[in-house]
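Naming follows writing order (A, B, C, D, E and F), and every chain is counted from residue 1.
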Amino acid sequence: MQRPSGRAPEQLRDVTITRQFTRHAEGSVLVCFGDTKVICTASVEAGVPRFLKGQGQGWITAEYGMLPRSTGSRMGREAARGKQGGRTVEIQRLIGRSLRAAVDLTALGEHSIVIDCDVIQADGGTRTASITGALVALVDAIRYLQREKMITTDPLVHMVAAVSVGIYEGVPVLDLDYPEDSNAETDMNMVMTEEGGLIEIQGTAEKKPFTDEQFAGMFSLAKKGVAELVALQKAALAQ
Amino acid sequence: MQRPSGRAPEQLRDVTITRQFTRHAEGSVLVCFGDTKVICTASVEAGVPRFLKGQGQGWITAEYGMLPRSTGSRMGREAARGKQGGRTVEIQRLIGRSLRAAVDLTALGEHSIVIDCDVIQADGGTRTASITGALVALVDAIRYLQREKMITTDPLVHMVAAVSVGIYEGVPVLDLDYPEDSNAETDMNMVMTEEGGLIEIQGTAEKKPFTDEQFAGMFSLAKKGVAELVALQKAALAQ
Amino acid sequence: MQRPSGRAPEQLRDVTITRQFTRHAEGSVLVCFGDTKVICTASVEAGVPRFLKGQGQGWITAEYGMLPRSTGSRMGREAARGKQGGRTVEIQRLIGRSLRAAVDLTALGEHSIVIDCDVIQADGGTRTASITGALVALVDAIRYLQREKMITTDPLVHMVAAVSVGIYEGVPVLDLDYPEDSNAETDMNMVMTEEGGLIEIQGTAEKKPFTDEQFAGMFSLAKKGVAELVALQKAALAQ
Amino acid sequence: MQRPSGRAPEQLRDVTITRQFTRHAEGSVLVCFGDTKVICTASVEAGVPRFLKGQGQGWITAEYGMLPRSTGSRMGREAARGKQGGRTVEIQRLIGRSLRAAVDLTALGEHSIVIDCDVIQADGGTRTASITGALVALVDAIRYLQREKMITTDPLVHMVAAVSVGIYEGVPVLDLDYPEDSNAETDMNMVMTEEGGLIEIQGTAEKKPFTDEQFAGMFSLAKKGVAELVALQKAALAQ
Amino acid sequence: MQRPSGRAPEQLRDVTITRQFTRHAEGSVLVCFGDTKVICTASVEAGVPRFLKGQGQGWITAEYGMLPRSTGSRMGREAARGKQGGRTVEIQRLIGRSLRAAVDLTALGEHSIVIDCDVIQADGGTRTASITGALVALVDAIRYLQREKMITTDPLVHMVAAVSVGIYEGVPVLDLDYPEDSNAETDMNMVMTEEGGLIEIQGTAEKKPFTDEQFAGMFSLAKKGVAELVALQKAALAQ
Amino acid sequence: MQRPSGRAPEQLRDVTITRQFTRHAEGSVLVCFGDTKVICTASVEAGVPRFLKGQGQGWITAEYGMLPRSTGSRMGREAARGKQGGRTVEIQRLIGRSLRAAVDLTALGEHSIVIDCDVIQADGGTRTASITGALVALVDAIRYLQREKMITTDPLVHMVAAVSVGIYEGVPVLDLDYPEDSNAETDMNMVMTEEGGLIEIQGTAEKKPFTDEQFAGMFSLAKKGVAELVALQKAALAQ
């Protein structure tokens, strides 16, 4: 088996995480998983949604979008069609849940953090890149809250990152790019903490059902990948 | 650990599958997982969506809805709000993918089958009940196509059913009802074939990340549950 | 003249009214007019719409929907199309007005009751079945308010029921089913009180204008039909 | 009993029907029922809606709107809210049905006529004024089709007009204006042919149910009113 | 060069401004620029939009619409399509900005004035006619506020009117009608104060870029046109 | 007078134009006017919109968007609100008209080019940066069509660029950034050809009407600015 990119099965793409990518947001990150490039911003907003008012806790929510020509052929602009597609909704809900799992919402106080993940170039794995980059933007937003004395403790419970795994020509592989993704037998997105705890798992057998053994192989690759991603997140945050 | 319902950890709720529940649809099933009740219909439609035209294959798609007062407090009607919520979109995409994985779309010919899953009473697990019931409605629609000589082979590749598993008070449990679901540490929906192959897996750690070991325990419960559900589907289809 | 169903001109279909059909709603009724089956729920909600605030009276409103495959060929789901159709809007306004006419809204206090009528199987007369069933659900919701000591008097002024009448092959007939409805010269829905007072009348000459005499014939059938329906409502409420 | 306007119970308001009110439409009428003023245009369009294609018949459809400040306090503009309200939908469906009942659609050939009724000033009875004026615009559009040799026969079967009747302070009255309409016990809109045949009847008991006798009184007033309106339509068309 | 209408290049169409055109609005004007006819109403509403609350100033906003058959071929009704088109949005923003420039919003107090411009017949220049007519309706609304003692000073800073200019067959012309507008090389809308100060300018080279010299010629025509329009506004307001 | 940025009145911000910024589009440009950064892509699509079919000419259209946190405080995502705002619509129409004015649409053949301008960071002048950058992306798309032998001539008629001018503290200034824009007395966007011909002009007096003289001063600055921008465009295209 030869991956289209020539990578080894357990090899991530080149991943870069650039902080302070744009100027206005409390956290702003450009994350690249190879040719997949996503701008992740974290915006601090006063107050919480109505269903949480007066409960002494904060909230984190996420929105996701793709520039119309981030993909091989142009997609219709969701704002022009007047509606977010099913895939978009699914992804932004996943990002939101994943980030909330990284944080003690009570320690956040009655503040909201809105995450925006906008894909400017897509080559597979936009949702895992989004989560991985957004966590860094989120940490910058938390630091902003601390600097501004809006919170006094650190609500971050653990680092969280995400990676895709799949079965490509019968072999478990890590971090699928688009040529692999569109031909994989199985595609699974795993969101984990830095300690290796699972937060979210979403797997789909595209061509045929997958077995326990294949599942175990993918799981193990995902752990390795997330560990490397968390190291990159920490390096970026240390600068 | 005591489940609120008094069930054993590996015990399904009472499951019933009633065929020909309504009169007009090619397949019409009322499926009950305990107090969760879903009407699943399968409608045969001529032709296929535009993106599939001329490719000599069929299509299966699904829509999901809840009656406004299927739940403890009334939810706004999506038709009145002018938009399906994110949860609805996520669920109907899952149902559609799960059913397509049960069928050889080429053997279906250029026919479409539209699945509607409408929850009339909710008590947890509406998406797994929907998939399990919809598969039976789908088989009835396939039988209709065969009876009408619209297809000559059997496009069904294998039976598919779905069940939820979770960690409740530290213990893996099968088929969560609402009181469990809203307090579980982890909630995972698994869609499997009758042979035990995984088709879809969607898991979320609601309260804390879950470990490999917990995952293995849930996986094993899910296999058992799906096997029982497939037996019930087959019994219903044999009547 | 022979009715397709073999019924006598002045004969209702078999009508059944099942209370407590689902578990969560304060009133929940399955009403069947022959093969037309509608789930009617009544939900008590705190407060009143903004335009009524502070006026010391309650409000009753209704929504109506059809499951996509309640009909012979599948209709598009209104939630998916993002908009309720004109017929839906017309019907739910009629149901709301009819029920409000049964109640002294001042005696209801500042409570709202939301009626949902969801057609699970359609065979003509869904709006008249909806009104007839919803009145029973409404009474159950009123009893709930009384039981919970939220109101101390009985706001119900009189029972209300609805039936369709029409001219079929020149003859006035009662309670049209779908084969009659689609071939009738005239179709009229009448909502009346138990005393025979008219609350709503909506008539359409489908094929040719109708005369005074035909009108009188239909009116008289409607009175008879509503009297029978009210008797069935009372019997259901007495159980 | 004294009507707010000083009219006798059986007296219409001053009604004027002005043809060729605007320049572009094939039929364009300003109709005034007292202070209620509606612009009714009839536009000829090529072809018919998809559900009628190839059936050798035409179609007539109607849309209705109110200028935001046609009423005492400004209503939100439906185009800005992104949705037509329930009342609008109900009215435009009524207008469409009423006009189709005036015409032999087969004699119309595969042409569509779109009616627009736009209320520029409202004082009660906008729907009856709309139908009465729109019929005249429709006749002008039919004459256009004849002049252009697009049809060779006259598809008009009979004149149609509409009027409201009600019970005001216990007395049946004809053609309610706004001060009466908002205080009437009962309000009924009747659409009739020039021969006195009923086409549509929509009645609502606003305050208390109405009796047979009251109904008969209103019916008789409506017949008288429609006869006068048809005379005015014919006079306008003769100019 | 011969204008299709036979007008001289610097000649306006016949312009009429009729106040109190409809009955309910605080200001109601029918403005005609030749065959272009627009109903402009000004509605006084209590309070201001949320973004202005508590700042001690008022607000003026505008909405614009065209009756479906105000044009040569029928346009779809925006309320039915569920969305205002881009041209509509552009025009109503222009009207709003132009009118706000005529008024000292602080002197208006915390009142809102909503302007509605509804085109009943279009023949080019609907936006300039709208602004010119709306200013008169606005003055009537201001007089209403003064009469009702809701304000004590005059917030009107200066009269404002608008006119189009263009290059038609190489020659600058004033106040384009539809036959000119659709063939002009350049079309420019200018909004000016009675003193000749520019408030808004929007110009588009339809066929080829325009030069400084052409621009100067159009500018000078616009000044002349606006001066005449302001005289007509003042004459109407003096009646 | 001191500009907030310290620039001279006639001085542009630092402008950079980076081609091939993303990988998939036929033309992809990152344009920066100081801190205003816009990704402009040009996508070639087969065929033309329906209203142009069979006329042997091409079409260019544009869409515009801002990332939610491209601005100082987060704006709601238009895709999530289900509707593009008025400002967005106005800007994308301006971009489309400006680019169509640069091209001989007949020479383009029956091809469409869709321009997307997405602002990733905003600091005033996003529409002028968009037009200036989009022209370069458009040229790259035209080169692609030529390389692919889809067209044989060069449809580009002249280069087009855009710049804002305004009156700041009484002095005409070129290329306003956000701090100037929000305090300017007047703001005008001018789109011109490389020969200095005007294509579009949109000016608004924010605080007080502007005079002929001020207008002349701004016009002259705009010419100078556009000349410099065209030189930068040409330099970028020469690389």
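Assorted remarks:
Rule of thumb we're sticking to: contacts are C-beta pairs under 8 Å (C-beta built on N, C-alpha and C of every residue); 3 or more make two chains touch, one makes a residue touch a chain.
The UniProt protein names, listed by chain, are A, B, C, D, E, F = Ribonuclease PH.
All values reported here derive from a predicted model rather than from experimental measurement.
Common neighbours of chain A (Ribonuclease PH) and chain F (Ribonuclease PH): there are none.
Number of steps on the shortest path from chain B (Ribonuclease PH) to chain E (Ribonuclease PH), with steps defined by chain touch: 3.
Comparing mean CA positions across the assembly, the chain most remote from chain C (Ribonuclease PH) is F. Interface repeat of A-F: among E-F, C-D or B-C, over half of the contact pairs recur, by residue number, only in B-C. If you average the Cα atoms of chain A (Ribonuclease PH) and of chain D (Ribonuclease PH), the two centres end up 59 Å apart.
With centres taken as mean Cα positions, chain F (Ribonuclease PH) sits 50 Å from chain B (Ribonuclease PH).
Distance from the chain A (Ribonuclease PH) centre to the chain B (Ribonuclease PH) centre is 28 Å, each centre being the mean of its Cα atoms. Centroids built from CA atoms put chain E (Ribonuclease PH) at 33 Å from chain D (Ribonuclease PH).
In chain C (Ribonuclease PH), 82-83 are the positions where the chain touches two or more neighbouring chains simultaneously. Annotation: chains form a contact ring; the order from chain D (Ribonuclease PH), going to chain E (Ribonuclease PH) first, is D, E, F, A, B, C. Those residues of chain E (Ribonuclease PH) that touch chain F (Ribonuclease PH) in the complex are listed here as 83, 86-87, 89-90, 92-93, 97, 101, 188, 192-193, 195, 197-205, 208-212, 215, 219.
Residue ranges of chain F (Ribonuclease PH) in contact with chain A (Ribonuclease PH), taken from their complex: 22-25, 28, 35, 37, 39, 41, 43, 45, 63, 65, 67-74, 77-80, 82-84, 88, 114, 116, 118, 120-122.
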